[in-house]
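Note that the chains take the letters A, B, C and D in the order they are written out, and that residue 1 is the start of every chain.
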Amino acid sequence: MSFNSFGHSFRFTTWGESHGPAIGAVVDGVPPLIPLDEAQVQARLNRRRPGQSRFTTQRQEPDQIKILSGVFEGRTTGTSIGMVIENTDQRSRDYGEILDRYRPGHADYTYQAKYGTRDYRGGGRSSARETAMRVAAGAVAEAVLSSVLGPACQVRGALVAMGGDAVDRSAWDWNQVDANPFFCPDAAAAERWAVTLDAARKAGSSLGAVIEVVADGIPAGLGEPIYGKLDSDLAAALMSINAVKGVEIGDGFAAAAMRGEDAHDRMYPGNGPTPRFETNHAGGVLGGISSGQPVVARFAVKPTSSLLIPQPSVKVTGEAVEVRTKGRHDPCVGIRAVPVGEAMMAIVLADHLLRNRGQVGEIRR
Amino acid sequence: MSFNSFGHSFRFTTWGESHGPAIGAVVDGVPPLIPLDEAQVQARLNRRRPGQSRFTTQRQEPDQIKILSGVFEGRTTGTSIGMVIENTDQRSRDYGEILDRYRPGHADYTYQAKYGTRDYRGGGRSSARETAMRVAAGAVAEAVLSSVLGPACQVRGALVAMGGDAVDRSAWDWNQVDANPFFCPDAAAAERWAVTLDAARKAGSSLGAVIEVVADGIPAGLGEPIYGKLDSDLAAALMSINAVKGVEIGDGFAAAAMRGEDAHDRMYPGNGPTPRFETNHAGGVLGGISSGQPVVARFAVKPTSSLLIPQPSVKVTGEAVEVRTKGRHDPCVGIRAVPVGEAMMAIVLADHLLRNRGQVGEIRR
Amino acid sequence: MSFNSFGHSFRFTTWGESHGPAIGAVVDGVPPLIPLDEAQVQARLNRRRPGQSRFTTQRQEPDQIKILSGVFEGRTTGTSIGMVIENTDQRSRDYGEILDRYRPGHADYTYQAKYGTRDYRGGGRSSARETAMRVAAGAVAEAVLSSVLGPACQVRGALVAMGGDAVDRSAWDWNQVDANPFFCPDAAAAERWAVTLDAARKAGSSLGAVIEVVADGIPAGLGEPIYGKLDSDLAAALMSINAVKGVEIGDGFAAAAMRGEDAHDRMYPGNGPTPRFETNHAGGVLGGISSGQPVVARFAVKPTSSLLIPQPSVKVTGEAVEVRTKGRHDPCVGIRAVPVGEAMMAIVLADHLLRNRGQVGEIRR
Amino acid sequence: MSFNSFGHSFRFTTWGESHGPAIGAVVDGVPPLIPLDEAQVQARLNRRRPGQSRFTTQRQEPDQIKILSGVFEGRTTGTSIGMVIENTDQRSRDYGEILDRYRPGHADYTYQAKYGTRDYRGGGRSSARETAMRVAAGAVAEAVLSSVLGPACQVRGALVAMGGDAVDRSAWDWNQVDANPFFCPDAAAAERWAVTLDAARKAGSSLGAVIEVVADGIPAGLGEPIYGKLDSDLAAALMSINAVKGVEIGDGFAAAAMRGEDAHDRMYPGNGPTPRFETNHAGGVLGGISSGQPVVARFAVKPTSSLLIPQPSVKVTGEAVEVRTKGRHDPCVGIRAVPVGEAMMAIVLADHLLRNRGQVGEIRR
């Protein structure tokens, strides 16, 4: 069963509700002797933390990570790593009115239908607050990748479209990503989005977004055909993020409109037996196994479902009602999904790195 | 580990290579006393079988299924179901020339890079021939769904775009799907595609496609948050199919371009506590749990990578070479991916039906 | 991978070291709406708590449980249950001298050999302190069993031999179990053991023990043949407890010395299709599936390996050394293994109850 | 779920009934490039094959293995290995009379109680015939162990007691094991057993047995604490074999009667950091991790439950009946359990070898 756990050889399990006393994760299967401390994990969490610009929720959570086990004298021991973040700014009164009604587009109704109960405070377990622990686990996964693959291995994400307005790929600059509040690689797009998103926020509306995550320095050979394909696990990982409705690898849906002679990456002699690929339509994965090219995935995030604009809905008891969510919400949840997407990509890669080492042996860098 | 197995409570494992003596599957976790015979499975396999029109590979495989265990006196026993198909038309000489070279866009290079070896005959394990056993396992999954949910539960797929040319959704007719060689729900599109695909085939090229799979009659409550979400497992299942590069649930990538007030399904009083949804942007899944609406997924298939048009590539030894695949191939692998997509959707739903019953108890139809 | 997790449908994961800041568990897959509070879990923990008599370690740990998620308004929500116990009495200076040497019979050497490092403070992760979280998870499992099977279902354990001195089975009285410091069902044996164990403790030695765990009220039908047999999972569960070297079901090793006509439980007409068994040699499991009789398992615990008597050993650097463990230890770890054995039995049964419900449907009580 | 699968990194799944058309296994996760052919597997199967002496069932099954996938040009490819044995001597008429009644000590009643149906022909899935596929999978596991650990790694089993009559350990000779029909390492015991077992067989009775399995050449470091301990997985593996009621590691239950200063293996300086152990009370496992000493496990097999001596029992419909099993049965199923025990030990070790390599990296031989 998957429940609240993800991964096989590198595996993590999360717990905690949006408005409970704390949230946490257990990361398991981590190789021993890898340098790890709270500061590394905190640095990753800080990128996702709410309240850093007017474009994300004003909820103030310091999201202070504590590592309670599995690390001894600054290095991993090979045993389970327990991590906890205490919830400090819960203000559950904001959510009182959704106690007895379902927000359209939200998990309120389906949790109630499945379990016959739900923790209605801030969405409880279905809240995107859970993604903080993905970022924490992702920081551990990054440490594993660095330790085994060296510094060439790097996982980075960027917002490539907001509200249907895409970046100009010819203007892509990774340095821009941390220079604006949108993780946007195109400075001009970031300026346009600031205007659009301000307008949407003031109107009580919300916008969707597309995120791209790229992993460089991944060796050929990661992925377990047939049902543990690297791209299959990436799809599961990214689709499991709150509000995600689509996942692509490489050219994705665009590939379906191409002709065979244009859609495949021509190969030329490279270094020794390693070929040089002309292009990367495949997004670094062929037959479910990494090819040595950058691994490229994209995912679509729908607009935030908590809206100030009233929406027709029903009460738990079945009667009609209008729902308007007054809590502090992100007008575009896609923004903070960038570090979450990076984390999930790092986790899938770390998992497959160890899975591959188990079956096939050490990767020859 | 996933390796060659998929699913948790309903679980199947496949084995076999394209040009080996046989392929097979073991289906496990199936509830007892469900009516099942070879004819049911064969009927599903016949929809996927090659050589049925000029638009699919001319390889002739009767794909005759044998059920060797787990069924007694016409009903499942609750023990593992072993199924085998013997390979009869292997003609491995067709593939002799790819013995020492990598086909662009194919898994040849990555299998070699991972394992240090590969069965080069017809792609070996990476061949789409493996998908026959998914269809066989899918037939068992359908029997489980019918048995527990009754005849209202139905999983159907259709080709909704080929080579970038999409169906007219206002002309959608499920009856058309079995009336043309493309599983196309729009008769006019099917006529256009026949012309386009003939031209591509004659040019030695190939086309991509988009498939939509819809499950009706699925109750609310299926799906295991956070990492066994119904849509997350669907994404993994569909992305694991050969040549798939993208997966969407409901509005998918289009949702990322919508505003909040348009993207979510308004709810109105329905029968008792079950609300009526105005629309189905969500594709029947909210927070990873089914909502009771039809479950809708789409996936993008890239054009066949085996081409008559020569492609620059490299040999196993690293030298440059031109590759031209003379074997009998589907000019659009997306066509035969329709029954495979249906099978994977049925498998994910059967798995979650049993997973949900384990945790929560019997679904109240 | 198993790592620090146990179970499938009912699954728990533990983390934490003996002398770290805290230990914890995540329990997953729990059905919703089951009454659960900290007091219930605490009651179970109190039975295992150290420092309650002169026969267990004098380490004082209040072992105060906190439930941080997965329970809302006194009932489970179906989401992951996070639990934490803070370590308060760590006195790690006691363990300073084992920093650089291996205790015979302990995991010191093997952890170092496997991981190239170890948390030497009190055994770190290999300490029996971890079993507190098994007891906590076991309390949740008991709540699941009660909720589904009613009060007739009961899991109880007892110490049946200490230092080779066995109880008189004809004097078995479950009420005695909580009336002496040994969980002993035979008052006379308890008196003898008090003398023997005092002597062993004063001599700086330690004693082994045998524990029996019995589950009443378990319906026929639990267990997943072939590799998820109820007895196979029980064997794994009990063998995973610290210092356990043997596991038996029913007559266990004694069955190997019996003749066929004496070893099997004769069946007579009972209530409807349910037979009445004359005896319970099988310990309630036939073919890996529960028979409706009490489920009976026994396990052997070796004597505590931390001894005041000096033992020849080696240093981490390879030189000879004498090891004498001055920390506060249980002279017979088997005593506190009783509630741990009960917990593991309850966990295996709760897991199989849900696994069976998933595949076969509701048990008819 | 476990169902019909065992293992994580090295994983196998079996299917097939005693009197169905065939039985089979899929072995997954096998490293590539390991030499493997049918003869190797057949040699292992031949040791377990029925009908080789008057002390085993007279059922004649050639048990001819076919490897249908996963091996190419004499070496494994890293993909799933499908293996099949056709059933040839089924004589299902012998079993006609147990169609409507339950054999005491057998799985007849529990399968019926769980599934509401059962394949009554020869026990169907519950038959020990299934163990043939364990032996086949074990042969693959042995190939993995040899390939990674070299020829020093060896897994051997022996019968150490029959009907309560134990071997003289001072007379232990591994060469004797293949020189008598009992896999007995003590020639004198084998002679005694021939007489005893003949008498039991003629009386229509049966005897139990104890089997010991020893693995030499296993490096320190295998085993995943806390819930994937090497001994915990061994206990599960051995307890899953038909008719097994007890499992011990090292001194097993005898350890519970020892004093601390006698029960633990003293350590002395050895080669470099590797200590020399004075004894092997622990059976090669400390804290769930291998110590580098031989891994020693024992398991108890109850007497065959199919007896010519009539037993009181009940019909499926609930009425009283006498059951007498006329089919051809082993008078001591423990004999043929020896190669099965070896196979399960090899499988657990191969699994942990790969699991350890995944997490920790290559073992340094």
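Convention: a contact is a pair of C-beta atoms (placed from the backbone, for glycine too) under 8 Å apart; a residue touches a chain by one contact, two chains touch by 3 or more.
Keep in mind that what you see is a predicted model, and the values were worked out from it rather than measured.
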item	value
More contacts between chains, B-C or C-D	C-D
Maximum centroid distance from chain B, chain identifier (CA atoms)	C
Chain C and chain D, separation of their C-alpha mean positions in angstrom	26
Approximate Å spacing (C-alpha centroids) for the pair chain B, chain C	45
Residues of chain D touching at least two other chains	1, 3-5, 8-9, 14, 29, 32, 78-79, 114-116, 125, 225, 355, 360
Of all residues in chain A, those that touch chain D in their complex	1, 8-9, 29-32, 78-79, 225, 354-355, 357-362
Chain C-facing residues of chain D, complex	1-6, 8-9, 14, 102, 104-107, 109-111, 113-116, 125-126, 130, 161, 163-164, 200, 205-210, 220-229, 231-240, 242, 245-253, 255-261, 263-270, 272-275, 278, 281-283, 285-292, 300-305, 307, 309, 311-314, 316-320, 334, 355-356, 360
Chain D partner contacts - residues on chain B that touch it in the complex	1, 3-5, 8-9, 11, 13-17, 20-24, 26, 28-29, 32-33, 66, 68-70, 72, 75, 77-82, 84, 114-119, 124-125
